[in-house]
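Some notes on the structure that comes next.
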Amino acid sequence: MRRILETLVPAAPLILLFVVWESAARLGWAPPNLLPAPSLVLQRLLELLPDGEFLHHLGQTLIRLLGGFAIALVVGVSLGLLASRTGGGALITVVRVLAPIPKIALYPAFVLIFGYDHASKIALVVADTLFPILLATFHGARAVEPKLLWSAWAAGSGRFASLFTVTLPATLPAILTGCRVALLIACVTVFLAEMISSTDGLGHLLSLAARSFRMVDMFVPLLLISLIGLLLNVALQFARKHLLRGQS
Amino acid sequence: AFLALCGQTQAADDIPTIRVGWSIPAEEMKYWMMRRPDAFPDLGKQYRIAWTQFQGTAPMVQAMLSDAIDCSSQAPLSLGQGAASGGLQAYVLAQHVGERKGESFSVYWAVAEDSPVRSVADLKGRTVGVNVYGSGVYGQMAMILKQNGLDPERDIRLVETGFPGSEAALRAGRVDAAVMNQPFALRAESKGGIRKLFSLTDLMPNTVHIFEVCRKDFTDAHPELVKRYVKDLRTAMALAREDRAETLKVVSEVTRAPVDLLDGYLLTDKDFARSADARPDFEAIQQMLDQYQQLGMLPAKVDVAQFRRDDLIQ
Amino acid sequence: MEKRAMIEIQRLGKSFRIAGGKRHVALEGIDLNIREGEFVSILGPSGCGKSTLLYMLGGFVPPSSGSIQVQGRPVTGPGPDRGPVFQEFALFPWKTVLGNVMYGLRQQGVGKREARERAMALLHKVNLASYADFYPKELSGGMRQRVAIARTLAYDPATLLMDEPFGALDAHTRTVLQNELLQIWERDRKTVMFVTHGVDEAVFLSDRVVVMTRSPGRIRTVVDIDLPRPRVRAELLVDRRYQEYVVELERLIEDVHHERDAEPAPAPVAKTTLKVATR
Amino acid sequence: MEKRAMIEIQRLGKSFRIAGGKRHVALEGIDLNIREGEFVSILGPSGCGKSTLLYMLGGFVPPSSGSIQVQGRPVTGPGPDRGPVFQEFALFPWKTVLGNVMYGLRQQGVGKREARERAMALLHKVNLASYADFYPKELSGGMRQRVAIARTLAYDPATLLMDEPFGALDAHTRTVLQNELLQIWERDRKTVMFVTHGVDEAVFLSDRVVVMTRSPGRIRTVVDIDLPRPRVRAELLVDRRYQEYVVELERLIEDVHHERDAEPAPAPVAKTTLKVATR
Amino acid sequence: MSAQAILQRLGAPLTVLVLLTLWELAARALALDGFPTATESLAQLPAILFDGQSLQSIGASLARMFAGIGLALLVAVPAGLAMGRNPTLARMLNPLLSAAYPVPKAALMPMVMLWFGVGDLSKILVIFLGVSLPLLYHSYHGAARLDDKLLWSAAAMGMRAPARLLRITLPGALPEVLLGCRVGLAMALIVMISSEMIARQSGAGDLLFNALDMALYPDVYAMIVILAALGFALDWAFEHLRLRLVHWAEPRQDAASGGNS
């Protein structure tokens, strides 16, 4: 009983949202040609899920999403750690200049450089998710208690090695927060890339449906990306719990 | 919608306002009205216009469905889909641009000069660029491919380049055939190295590209207002055609394209066709709607009659 | 039998920039030579710069003036020859107790298995073997302090820089660890800099006791503790000389506290001839 | 003359979930009554649960079993009647020394000016007046500890819960603050729970001393300290009864340490008849 | 020492110069139509910067951006802090948030237009959503990692929970909150532009996307340069503010470098 309640609490707002949405659609609070009932969307989603072609689109999106995120994670954490050490000032200037650029404007160049396949979309995801991770890592690393580093150096750990044995684990909480932000941005960006120019992926399905005003079909990818975001976040939360079991 | 009122820049006095959506690059009538309002005696005095620019026609259908705008520029496909699937009810009141075989520019697909692709059929297995997958232009291309024995879904690899990115994609070798529209076609031609493969006039001589649409409920409620608007649109068309030099300036102000570039095609035979009275070509529209239905891009037959309100067009 | 100086501190000073933008002088004109294998304690009022001195010896913080040489070479940074035990412990929160103690060994290239064994042996000594899998946040203050001590002892640095290492321990545990430390020291002849507030602890453990003035810290006096070694607590406690040392140091500390800030501190006496305790 | 119980602790126990998922018992079956205005010290081995006990008294951490009543009402949360001094100080890092000490006063609605004056007076007492504008990170360990003491004394809670409050101080400063605390206590008759590792400190300050067993902590013995008040250090140090208390408590602590874990802890003796020290 | 100081002063301009040179070289080497060289793009700057209307557009965008940021600060920071200190609240809101944030705002434009019109309000909303993401999560985790004993101390002084959120949790988590702000500020410029992608009135995004639509790539990149400069200036100003606000938390000046080497 208690367990049921415990799993229900986090789900409650989502359920509430669904109820409100459903009644909004059913009771005509929102025009049905703009907002379809969630039950219809869910039903369509369940119809589509076993469909091979739909799964292919889903797969394409996931490859771009996770591929881009993984690259941003590795690059962002490495650069952030390096920038936190002396001499990293130049790197931070570069970040300052590049971070606020709307990456979407670079997309034409990405397409010409990387082609119309995965690479250009992954590049866009990387460009959008890199900086949240990099900045979080940088600030986290700068705030590491110096005595932890001193302890490591005194124990014979080299400057470079201590980056991984001390700075990285001590920065992990900040990095994971950056990841959380970046992961959600990645979800949005991959859709944006697929909506602008693509012939596959969920974003493509969405813009196709939107252009022909098939609202139920349009909300299927939206619902799916929500679910993906939710699942990725749950995964991240587990990772966080495991990785930070000693801390906080 | 009540929130829309707060966000909207409402006219302080009781001069009626039309909320109009527009886009670039080929709506000279609207650009004139935006940039040279003094040339229109009623504008600003009898009625006002709140302009909002959109990326493409589909968002404008959505905006009309959301009651966020009253009138907008549309293309046959987006209007047809809006009507068939979105429940949009609207009138087509003026035509911005179309094509006229032999007299005007026609959207075409280009290949590199030295490309082995010589005919449409040669496109089999090639990468073809299109502005937007599922757009009207795509539909007509698909029709042409079919007529040449190609299955547009299987026999070619399609990528979305958009009109602006088309030339660059072709030159970078990312596509084998690229879709060309003005002013990008002119720029590409002047640099050379490309060859026309086929154009939309191969399919039909009088493709309609953009026309003006107003919501039915809005028009029926404010017929006088819409009438004034349509009248001014026609005045703008006349002005645009008469005073080309000024039109070049106006368009340059709006699109920020340099006058030199515009001078190369705008309102010449390298440009789309405009009719003096800006009258919509309903027949051509119907023909296009039928093609789209044939291709499965429209779920049902859309009768153009529902978009007519002749008393406003005279 | 004079041994050569392991650590040479000359006219060492340190000032900090504080939030207002002003500078705060923490230490001034410290002169001190420490021989190899010597056990030197530092006594001084709270805030007089004892920790700061250790940081500079460790090479963690650069001096503002003066110089420090260890084995004839200027200190440019930390090294595994000088092992610190920080006042705030500074345990790695992401590592278990065992992981913390193994860290230094692993850094020195000791194999996992051996590192584990040696770490566990040390944990037994500090009476924390049953807490090997705990994380620092799950420990009490005194337990953390013991882990910090074990972590540094584990990789066996030639010099120990210990900042009130037994401050959070109960009397019994403290005595046990004092004896443990003395044993290690007597066996390996480490050089030890030992900051403490316990006068009796300082006398019990040290060859020399440095008494510092109030902030800004200078060296007030250096007292040689001429007591036989190995020292046994029970014997020492009834030794008259031991008691005299304690009384004398307590008096010195009282003096330090009652010297007005305005008065110039007496000239440092670090250069007194060193007498090696008879062993 | 029996005063009524200020704090009633019954069969109190606390266990923690540790990282592995297991539970670790920190405290077990604590029974203790503390009268209003009583000064009770707690002695016990490192890690036996002294801090945990104070956390529960403060209402910061809920007990796993048993109950605590303060003035007849169960503790449900923290309140300004019980002021803690934490072992790790827990200063507000974004406030200056002065800001930290003023904080509680301002919280109680004392005007800015008055709060400032009272805070400065306290800072003078802990000898930190010239550091009023420093931020916590710019202080030495002992200075931080003094700020923490001043911060709690400032808002004048009826009960003080002090966790090794003088642990990081040098002997002189410690004596000064002990006397200060005694004065405040004698004037305001606060109830004080005082965790310490200093047996002499406990005897010098307390009405009763609670000795705890090794982890999991239980109460081993409660010793009444039947020494006259007001107590003067110089007199006390030569008082035979004082020395006897110290020796007895030291012996008790030794015993506690040598009791095997396996042995059942002796029955708690908290309910011994309380004798109020003659004053 | 002074040479080092000079180098430090010149560091940022020097880095920017290197960046521009790299861009120039890369663009020349690639010779792509959609990727103009630095010189071509910088040449377009005066046309934009000396045009009153363009400046007004950029100003209008910035005004919306600051409105969005202000809203995000007011809503996301308290919400994040509350989630950080209240696990039940966090458990309830987390799924909702992680399901809501991934939804591309562009796709919801019809609904947004329906409820908020095509004007400033809907754009401010989109900016708010973008900026609130890092603010919320950094506040959340910052608050969750706060040392309990600080809150205990305040509670023992008689401070109630809502006041603790404002006066203890907020300052205690401030370093992390401000990190969220720094990320949010960079994102604000990005969202400011992308909020103007679909429905445009006068704004910086309008300038940029029009140039994109016309394939005027040097203009696009000139806008990018302007945005980068704006971002740089904002970040620079914010860093100063940040250091003033959290100087108490910065590790010792000479700490991370360690030693006097």
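Remarks
Order as written gives the chain letters A, B, C, D and E; numbering starts at 1 within each chain.
Criterion: a residue touches a chain if its C-beta (ideal position, glycine included) is under 8 Å from a C-beta of that chain, and two chains touch if they have at least 3 such contacts.
Quantities reported herein were computed from a predicted structural model and do not represent experimental measurements.
Minimum number of contact steps separating chain A from chain D: 2.
Chains touching both chain C and chain E: A, D. The interface carrying the most C-beta pairs in contact is the one between chains A-E.
Relative to chain C, the chain whose mean Cα position lies farthest away is B. Per-chain Cα centroids separate chain A from chain C by 49 Å. A straight line joining the Cα centres of chain A and chain E is 17 Å long.
Each chain gets one centre point, the mean of its Cα atoms, and the points for chain A and chain B are 36 Å apart. Looking at chain A, residues 31, 34, 108, 111-112, 145-146, 150, 153, 207, 210, 245-248 sit in touch with two or more other chains. Each of residues 19, 60, 77-78, 88, 96, 135 in chain C touches at least two other chains.
The set of chain E residues touching two or more other chains comprises 32-34, 110-111, 114, 197, 212, 247-249, 252, 255, 258.
Residues 147-150, 152-159, 168, 171-172, 174, 246-249, 252 of chain E touch chain D in their complex. Residues of chain A touching chain E in their complex: 9-14, 17, 30-31, 34-35, 84-86, 89-90, 93-94, 96-106, 108-109, 111-113, 128, 131-132, 135-136, 139-140, 142-146, 149-150, 153, 173-174, 176-178, 180-181, 184-185, 187-188, 191-192, 195, 203, 206-207, 210, 218, 222, 225-230, 232-234, 237, 247-248.
Across the interface of their complex, chain B is touched by residues 32-34, 109-111, 113-122, 197-201, 206-207, 209-216, 219 of chain E. Here chain B touches chain A in the complex through residues 58, 61-62, 65-66, 78, 81-82, 84-88, 127, 132-135, 158-162, 164-165, 168-169, 172, 174, 297, going by the rule given at the top. On the side of chain C, the complex with chain D involves touching residues 16, 18-20, 24, 43-47, 49-51, 87-88, 96, 131, 133-135, 138-143, 145-146, 164, 167-174, 197-199, 250, 253-254, 256-257.
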